[in-house]
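All chains are identified by letter, namely A, B, C and D, in their written order; residue positions are counted from 1 within each chain.
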Amino acid sequence: MKRTHHPEDFTTNPFDDDKLHEECGVFGIFGSDDAAKHVVLGLHALQHRGQEAAGITSFDGQQFYTERAMGHVADSFSSQPVIDKLKGFTAIGHVRYSTTGETALRNVQPLFAELSSGGFAVAHNGNLTNAAHMRKQLVRQGSIFQSTSDTEVFIHLIATSTFRTLMDRFIDALRKVEGAYSLVVLTREGMIGARDPLGVRPLVLGKLDDDTHILASETCALDILGADFVRDIEPGEIVTISKSGIKSIKPFPPAKPRPCIFEHVYFSRPDSYLDGMSIYEVRKRIGAELAGESPVEADLVVPVPDSGTPAAIGYAQAAGIPFELGIIRNHYIGRTFIEPADHIRHLGVKLKHNANRWQLDGKRVVLVDDSIVRGTTSVKIVDMVRQAGAREVHMRIASPPTAHSCFYGVDTPERDKLLASRMDVKTMQKHINVDSLAFLTIDGLYRAVNEDKRHAAAPQYCDACFTGEYPTHLTDQDERENADQFTLISLQQN
Amino acid sequence: MKRTHHPEDFTTNPFDDDKLHEECGVFGIFGSDDAAKHVVLGLHALQHRGQEAAGITSFDGQQFYTERAMGHVADSFSSQPVIDKLKGFTAIGHVRYSTTGETALRNVQPLFAELSSGGFAVAHNGNLTNAAHMRKQLVRQGSIFQSTSDTEVFIHLIATSTFRTLMDRFIDALRKVEGAYSLVVLTREGMIGARDPLGVRPLVLGKLDDDTHILASETCALDILGADFVRDIEPGEIVTISKSGIKSIKPFPPAKPRPCIFEHVYFSRPDSYLDGMSIYEVRKRIGAELAGESPVEADLVVPVPDSGTPAAIGYAQAAGIPFELGIIRNHYIGRTFIEPADHIRHLGVKLKHNANRWQLDGKRVVLVDDSIVRGTTSVKIVDMVRQAGAREVHMRIASPPTAHSCFYGVDTPERDKLLASRMDVKTMQKHINVDSLAFLTIDGLYRAVNEDKRHAAAPQYCDACFTGEYPTHLTDQDERENADQFTLISLQQN
Amino acid sequence: MKRTHHPEDFTTNPFDDDKLHEECGVFGIFGSDDAAKHVVLGLHALQHRGQEAAGITSFDGQQFYTERAMGHVADSFSSQPVIDKLKGFTAIGHVRYSTTGETALRNVQPLFAELSSGGFAVAHNGNLTNAAHMRKQLVRQGSIFQSTSDTEVFIHLIATSTFRTLMDRFIDALRKVEGAYSLVVLTREGMIGARDPLGVRPLVLGKLDDDTHILASETCALDILGADFVRDIEPGEIVTISKSGIKSIKPFPPAKPRPCIFEHVYFSRPDSYLDGMSIYEVRKRIGAELAGESPVEADLVVPVPDSGTPAAIGYAQAAGIPFELGIIRNHYIGRTFIEPADHIRHLGVKLKHNANRWQLDGKRVVLVDDSIVRGTTSVKIVDMVRQAGAREVHMRIASPPTAHSCFYGVDTPERDKLLASRMDVKTMQKHINVDSLAFLTIDGLYRAVNEDKRHAAAPQYCDACFTGEYPTHLTDQDERENADQFTLISLQQN
Amino acid sequence: MKRTHHPEDFTTNPFDDDKLHEECGVFGIFGSDDAAKHVVLGLHALQHRGQEAAGITSFDGQQFYTERAMGHVADSFSSQPVIDKLKGFTAIGHVRYSTTGETALRNVQPLFAELSSGGFAVAHNGNLTNAAHMRKQLVRQGSIFQSTSDTEVFIHLIATSTFRTLMDRFIDALRKVEGAYSLVVLTREGMIGARDPLGVRPLVLGKLDDDTHILASETCALDILGADFVRDIEPGEIVTISKSGIKSIKPFPPAKPRPCIFEHVYFSRPDSYLDGMSIYEVRKRIGAELAGESPVEADLVVPVPDSGTPAAIGYAQAAGIPFELGIIRNHYIGRTFIEPADHIRHLGVKLKHNANRWQLDGKRVVLVDDSIVRGTTSVKIVDMVRQAGAREVHMRIASPPTAHSCFYGVDTPERDKLLASRMDVKTMQKHINVDSLAFLTIDGLYRAVNEDKRHAAAPQYCDACFTGEYPTHLTDQDERENADQFTLISLQQN
C-alpha cells in the first residue's frame, strides 16, 4: 500500500530528512535455542531499514508466538518478559517504516494466520504492484482481511489456493502477484526465504554453525551475531530451511535480474556487502567518479552527514582536497519540537546539524550529499553553510536526479514533489543557491557499481527512480489512474 | 468458545465471588447525532453483564469507526478524544466478561469485517454450541480467523454465503449455527437486531423519539437515557432499523421459546423489566416462596449482599422477621491483594464483606443468597457470621441447586466443580456448616416467575443449569467428548 | 490547607455525590514480618475515608521505604514489586481525599523527613487551623517546605525545636499547633500514635497478638485482619509502641473531649465501632428518632443508597412501614462521562442510581438520606422518584441541617454553598420539591448517639457543622478574613 | 554527590562506552515571550552533557512553573501541554547524567524552593567537594533536605543565611562551599549566572537581541537559536540579568583560573567554541601533535567513532596517511539487550559499531581514540578490528593516561578501575593487544590547546585527571577516608 505523505512544511521535524526510505527489513533464524534473542539483535542491525515498528514470530514445535510493537527494536524487545514469550528454536522478524495514519499495530509484521495446514507467519520487504487488484478479487470470494498491508494478499492467496501442499500453494500465490518481495516465512515445517524473480530487494543467507541458518536483508545483521555470510538468495529462488537441511527451488520462468541500485547509493548500511561488493567502497568509488565528472577548485570537501560521508571521502581523495567535518551532527535526534513564535531560521536542520564555523569561514566548500529528493533540506543546509561564512558552495550529488516514484517498497513523495521532476539542473542550482551543482550521471553510477565486473555481462539494475523505466507491470497504479476516483478499500478499523 | 477457569484457591481475589456470570451485554442506537455517547451510557448501565472489556463501533454514512479497550466502560470511553473518534449517527457496543488467557484485545467485540457488501460489525450476547465445528469447516475452505471468539463464525458464514443480498446471507448464516445469540449488527444500510429461535438471551427495543431507536440487553440501559421501552425483540425475530423505519421478519420455523430463567434469579439488574415483570419484584416473590417452602424460627434475616438482598426482603416480609444488614459490603473492591505469610482467615471474603457484629452476636440468623455455585464463598461467609457470634445460621438459597454447566453464554465452572453436582443437600449443609440449608424448588421458582400468568400457557424457560435439560443440540460438546484429545484450534497469536 | 471546590455544575460527575467527605484515614502496625501487606489491607478497609491517593512508609531497622500513588489502594499497592520495596517489621499508611489541583504526589502522605535524630514519617487525619500562620513563621526562619500540606508544619516544628530528645521535640511541636489531628508516626525507635486534646478525629488501638500492635482510624480496619480491638486512643494521648512495649503519656492540660459527631452520621463505616457503639446501630436509632419526631403516613420507606440505608431500616421498623429498595444503585461507578448534546435529565444521578419503578409507581414514599449539603443531588433524586410515578414524596434527613463549614479535616463547600445556610426548611422543601421535609433535631441526634449513656455525663461532640460552635481557635481563618487579599503561599512547583 | 558505578561486566549495555561523562548542562534565557521553548532547544543542543533527565523552571512575573522528566529533552519537552505549563518571559533548564539508583525525579534540576524572599530555582553544573560536610551541619540546625543532590546545599545555605538581601545571602552561600560550579539561577528579580573562582566548568553569555540574554554551558546552544555569542562568564563572576540590564560583580578573592582541560579533549561538542577556540580545531591539532610525537608507518587512519574522529583527521592530515571509516557506527543505539546463552563475542561493542572489513582486511591500521578510561571497550574494538583482518593495529590516544578520579562534576570510576592507574603503557599495550600504543603527552596537550597563545601567560587548566593535582580542597573526600565506615546520610525515600 502506498503511504500518504508529510506536509511540505516540516521545519521542526528532524526526522524528515528529505531522503527516500527503505520501508522494511527482514530477518529469520532456524535452529537456535535462543532464536528470539538472535532475531532481536539482527533486527537492531537492520533498524535503518525501518524505525517505526517491529515484530517477531517464533515457533517452538508446538505453538507460534508473536509480539509486535511500535518504535525501535531496542525499546520494545530488550526486556526479559518479552523474550520469554517468544519461545522456540526458530523465529522471524521485521522492522517497518511507515507514517502515522496507517501504522496501526495490526499492520506490523510478521503477519500470522492459522491456515488449514497450520500456522503461517510472513515478513515482507518490498511492495506488490497488484495488491489492491488481488484484494478486491479475494474479498468478493469471501476472504476477510485483517490489515491494510499488501502482505496479507499473500496469505489469502495461499489459504484459498486449490493446490494441496503448502509449498504448492505458496508457489501458486507467488505466481499471482507482481512487484517486489523478499519474504521470510515461518511454518510448522520450517523457515522459508523467497525473492521475487527480478530480485529487486536484497536477501542473504548466513549461518552461525552447520545447524543454524539465517536469512537477512543485509550482511550487517550477520556481523552483529558473528555469523558467516553464505551467499545471496538468488532472484526467483525459494529456499526452505528445516531440520532436514536447506533446499532450493526456482519455480519461476527465467528473468534478467534487476536489483535496486539505490541500495548502493543510500539504503544499505556502509558496512554491508551487496552482490559481493562493499557498500562503503562502492560509495567511495561513486565519490571518485563524481570528482572525475564534476571537478571544482576548492579548499575543503564537506559531507552532509552521515549519508554523504563515504562519497565525500572518495571525492576528497580523488580530488586531493582536504576532507573536513564542516557540518557537525547532534546524535540526540528527537521528535518534533515546538518552535518559538519568532521562528528560528532553519530550525529543522539545526536540530540535527550545526555548521562548524571555524572550518567554513572564508572557504570554498564542496558539499557532498547522496541524493536530492524534494530539495527542502538542501536549501537549508546550504544557507546554514553560507551563514557560517563559506565563500563559495559547490554541491555534488552522488547519484543522478531522482525524478520518478518507486513502487517497490520505498517511500517516495508524489512525483510532482520530486525536485528533479520539476526543475532542470540549472534551475535547481539557483533554487538551492549554490555556486555550482552537479549530479553523478547514470553511466557514472553504473561504472562505480560495476567496477569489479568490467568484462562481459555487467548486471542491470532497477534504476526506475532515475530513469522511469519500471521493470514490472504496475497494475494498481494503472487502475488508479483509469478510475475517476479511487476509493481506498478501507478495512477493519483500529 | 468455552473459557478456562480460575484455580480453586482464590482466597485473595475479591472478584471471584463464586457466582455464575453473564458473559456479555449488547447495546445499539440508530438516528442520534450523539450515537457514541449514548452507547457509552447504555453500556455503563449494562456493566454488570461484563466487566473485562468493552467496545463500540459507529458509522457516519461513509466510514466505520471502532474503539476497544480492556476494563470498565467508564475507564476507557469517557474521554473526549475517544468519543471524537466514534463519529456517526448510529453505533453499537458490547461489554464482555472473560478470563485473562483469552482476553486479547482482538476478541473484544464488536467484531468488524469489510465484506464485499461493505462494512459489517456485530456484537453478540450468547454462545454458539457448534462454533468449533463450523470454524474447522470454514478454515478448510480458506477462511482466515482473526479471533478465538465464536462470534467470528457468523462473519465468515456471511462472507462465504452463496446468497446475493446481505440480509439473505445473514439469514443463511443464522440458519447454520446452533446455540444462543442476541445480536446487534451495524451495516451500511442500518442497524439489525436478532434473537435466536428460543430467545435464550434477552434483547429489548426502545426509543428516544420517533427517529431514534435503541436495542439493548436490558431495560435499565433505556432508563439511564430517559428512553422509552417499546417491546421485547421476540425469539427468532430479526429487526432492521434504518432511515426508512423498522422492519421485522421471522425467518425460522416456529419454536417454543425458552428464555433463560437465571436472568430472573441473578443476571439481570433488579431495576430491569423482563417479559413485562420487574426483576426486583420477582426476586421478592422468590424470597416469599422460599419463606413459604422453608420457614425457620429466627431473630433476623440477613442478605448476602448485594445479590441476595431483594429475596431477603421478600423472605423477611413474608416471614415477619426483621430484615437487617448483618453483612456490610466494602464498596471499594480491588484487584487481587497479596496476602501476609500468616494467612488471614477468609481474607478473600473480608476484602468485600465484613460481619456487622452488633447485629449478629447471640442471634439466630437466616442468611439469604441467590445461588450456590462452587460453595467456596458460602463456607467463608457462614464462618465469618459464626465468628461474629451468631447463635444459629440457617441458609436459604433463592434458586434450586445449580448442578449443570451452561453452554449458552454463561461462565460456569466444569460440572464437577459445582457443589450441587457433587453433594446432596444434607451433605452440603454439613459442608457449609449451617444449622439448616434449603434451596427453592424448581416449582417454587416457576411459581414466582409466573405469578402474573397463572392461567393457561405459562412460559417455559431454559432451566438447564438446574435440570440438565438442554433445549438445543450441543455439537461441539458432543464432538469434544467423542475425541480422545481435543486440541483447541489455536488461532492467530497475541 | 483548605481545598478549592468543584464548580456548581457537576451533572455528569458521579463522584460528586453532594456529601461531606472525610479527608483521610490512617493505619499503622508494629511487630509484623509482613508489615506492609497488613497496612495495604488496613488501608483498603479505610478506603471510604479517602479515595484519591494512598501512601505507605515502612522501616526495617536500618532504612525507611516510602511508596505513594494516586488512586485506590487496591490499584497501586497490590503488586509484589511494590510490596517488595516496603521492607520491614513496622509500617504506617494513609489514604487521602483531595481535589485535582492540589493533589500533587508530593502532598500524598506519609510525609517523610530525615531529621538529625534520623528518619521521621507521619500520617495525619485532621486539619490544623493555624497551619498557614506557623508556616510563614518557619519560612522566615529558613525552613524550606516541600509540600502544600498542613502536615508538613509538624515536621519543621520538630526539626527546629530547641528540645533535645525526639519525644520532647514532638510534644513541643504539638503544643504549638491548633486544630484536629490523629497522627500515626514512624521513627527509628518505634511507632507513635497521637490524638489532639479534643479528640476530634478517631483513632483506635488494636492487636494481632501480644507483640503486634495496630493503630487505625476505625475498627473495620482491624476486622479485615482478624485483629482484636483493644481500646480508643484517648483525646490528648500520645502512645509509643516499640520493642519494649506500649507507653502512654498525656502531655496536654486536661480538656473536655469533643469528638466529631458526623462520624456517626456518615463518615465511619456502619460495621465500625466508635466509643463502644456500633455505627450501624446508632444510625438505626437515628432513623427511629426521626420516625418519632417526624412521622408520616406512607406506603414504603426508601433509602437513598447506600448511606441512607441503616437510618431507613430504623425508620421503617419504628414506623411499621415496609422497607423497599426503591432506588437501585449501579455498582460500577465511573469517572465523568461525556454527555450527549441533548442533555439527559439528571444524568449525574442516573449514572449511579435508577428508580425501581414497579415499587414507586402510585405510592406514597418516605425517602431517607443521611444529610443534605448543597442539595443538588436531592433535587435530582426526588425528580427521578417522581418520574417513576411516586404519588407523594416525603424526605427525612438523618441529621440536623448542615449550615456551617468544617475546618477539622472534612471537605466542606464554602458556607454560602450549603443549602441550609441559604434557606429555612420550608424553602428547602419547596426547592427540593417534596411533599414534606424534616431534619432530625440536634437533641434527637444526641439522644440517638448517647442512648447507652443516659445517665450523668453524656459526652459532648464537635457539632460545629450543625451549630457553628467551633471548639478551637481558627487562627488561619481569622487572619484570612482580616486580610484584604490573601495570597496563598505558593510552594514548590510540580 | 558521587555516583555509584556499573558493574564491570557490561557486555550488552551499549550506553556504557567507557568514557568519562560530563554530568550536567545548564541553560537560561531572560526576556523572551517564548522562554520555555528556547530553553527546550538550548537543552537539546546540550544533550551530550547529560542524557538521563532534564528539567525546566520558568517565571511569568507572578509564579514559578517547574517540569521535570527522566530521559531526553526531546522525549519529554516537545509537547504543547508541557510547554503550555511553563509560562513566562524567563526560564532556566538543566540536563543531567546519572545512574539509576539515585536518579529519583526529586534529584532532577532545577531545584526550587520558596524562600522568605520568594521563589528560587537553581541549575548547577559541577560538584561541591564539601557538600556532605555542610549538609550534616545544616540538618543539625533544623534544615530538612528534599534530595540527595549537592546542589540543595546552596539553597539551605541561602535560606538560613543571616544576611538580609537575597544577593548577599547568595554570595554568603557561595563563600561557604568549595568545589566546582557553574550556576544558572531564577529569582523574582531576574536570572543569575555564577561561576566558581577557578572557573572549572564553562559558562557563556549570549544574546538573541538587546533585550534577550542567554546563559549556556556551551556555544552550540546559542547556534541552534541563531543567537550571538557575547563572552565567557569569567571565573568568580556573578552576573545578574533583569529588566534593568546586566550587572556583574566579582565577590571572591582573585584566583588563578583552572578551567577543565577535558572539555577540549572530549566533553564539549566539536562545533562549540571554548576560550575563543574551536573545539574541532583543537582536536585536529591534538591529532597532529600526536602524529608528531608518535608516528607510525601504516595504510590508513581509523577513528573510534565519533569522539575520535577530529583527532583522527588531524593525525591523518599531519601524517599523510588516508583517513577511512574503518568502523561503522549504528545510529540506533538502544538500551541493554538480552544476550543469547552462547554469548556473542563483544556484543556490547557490536551493538554500536561494526568493522568495515573491506577497508581493514590485510591493512596496517592506526586507531585513534580520545581517551582510555577502564580500557574495556578498547580491548573489544581492537579485537573486532583484528577479526576483520587488520594486519597491524597501532593505537593512538588523543590525551595523556587518565589515572585520577574527578571530583568536579564528572562521572569517573573509582581510581583502581582506571586502567592507567593500574598499568604502565607497555602493560596496557599488551592488555589491549595492539602492536603499539601511545598517549599524547601532557605537554603536547597544552601545546595543542594553547597554540594561539604561545606568548607569555598561557592559561593553566585543571588537569587533575591526568596529574592528580586537585586545585581545591576535597573536604568530603578527606573526611570519608578518615572515617572507618562512612554511612551515607540517606535522605527522604522515593
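Quick note on the criterion: contacts are C-beta pairs under 8 Å (C-beta built on N, C-alpha and C of every residue); 3 or more make two chains touch, one makes a residue touch a chain.
All of these numbers come straight from a predicted model, not from anything done at the bench.
Set against the Cα centre of subunit B, the chain with the most distant centre is D. Centroid to centroid, with C-alpha atoms defining each point, subunit A and subunit B lie 51 Å apart. The centroid of the Cα atoms in subunit A and the matching centroid in subunit C are 63 Å apart. Each chain gets a centre from the mean of its Cα atoms; for subunit B and subunit C, those two points are 37 Å apart.
In subunit D, no residue touches two or more other chains. Contacting chain pairs (ordered by label): A-B, A-D, B-C, C-D.
Of all residues in subunit D, only 57, 63-68, 112-116, 119, 139-140, 142-146, 155-156, 159-160, 489-494 touch subunit C in the complex they form. Remark: subunit C residues 32-34, 37-38, 40-41, 44-45, 47-48, 51, 72-75, 78-80, 83, 220, 223-226, 269-271, 273, 278, 280-281, 306, 309-310, 313, 317, 322-325, 328, 330-342, 344-345, 347, 350-351, 354-359 touch subunit B in the complex.
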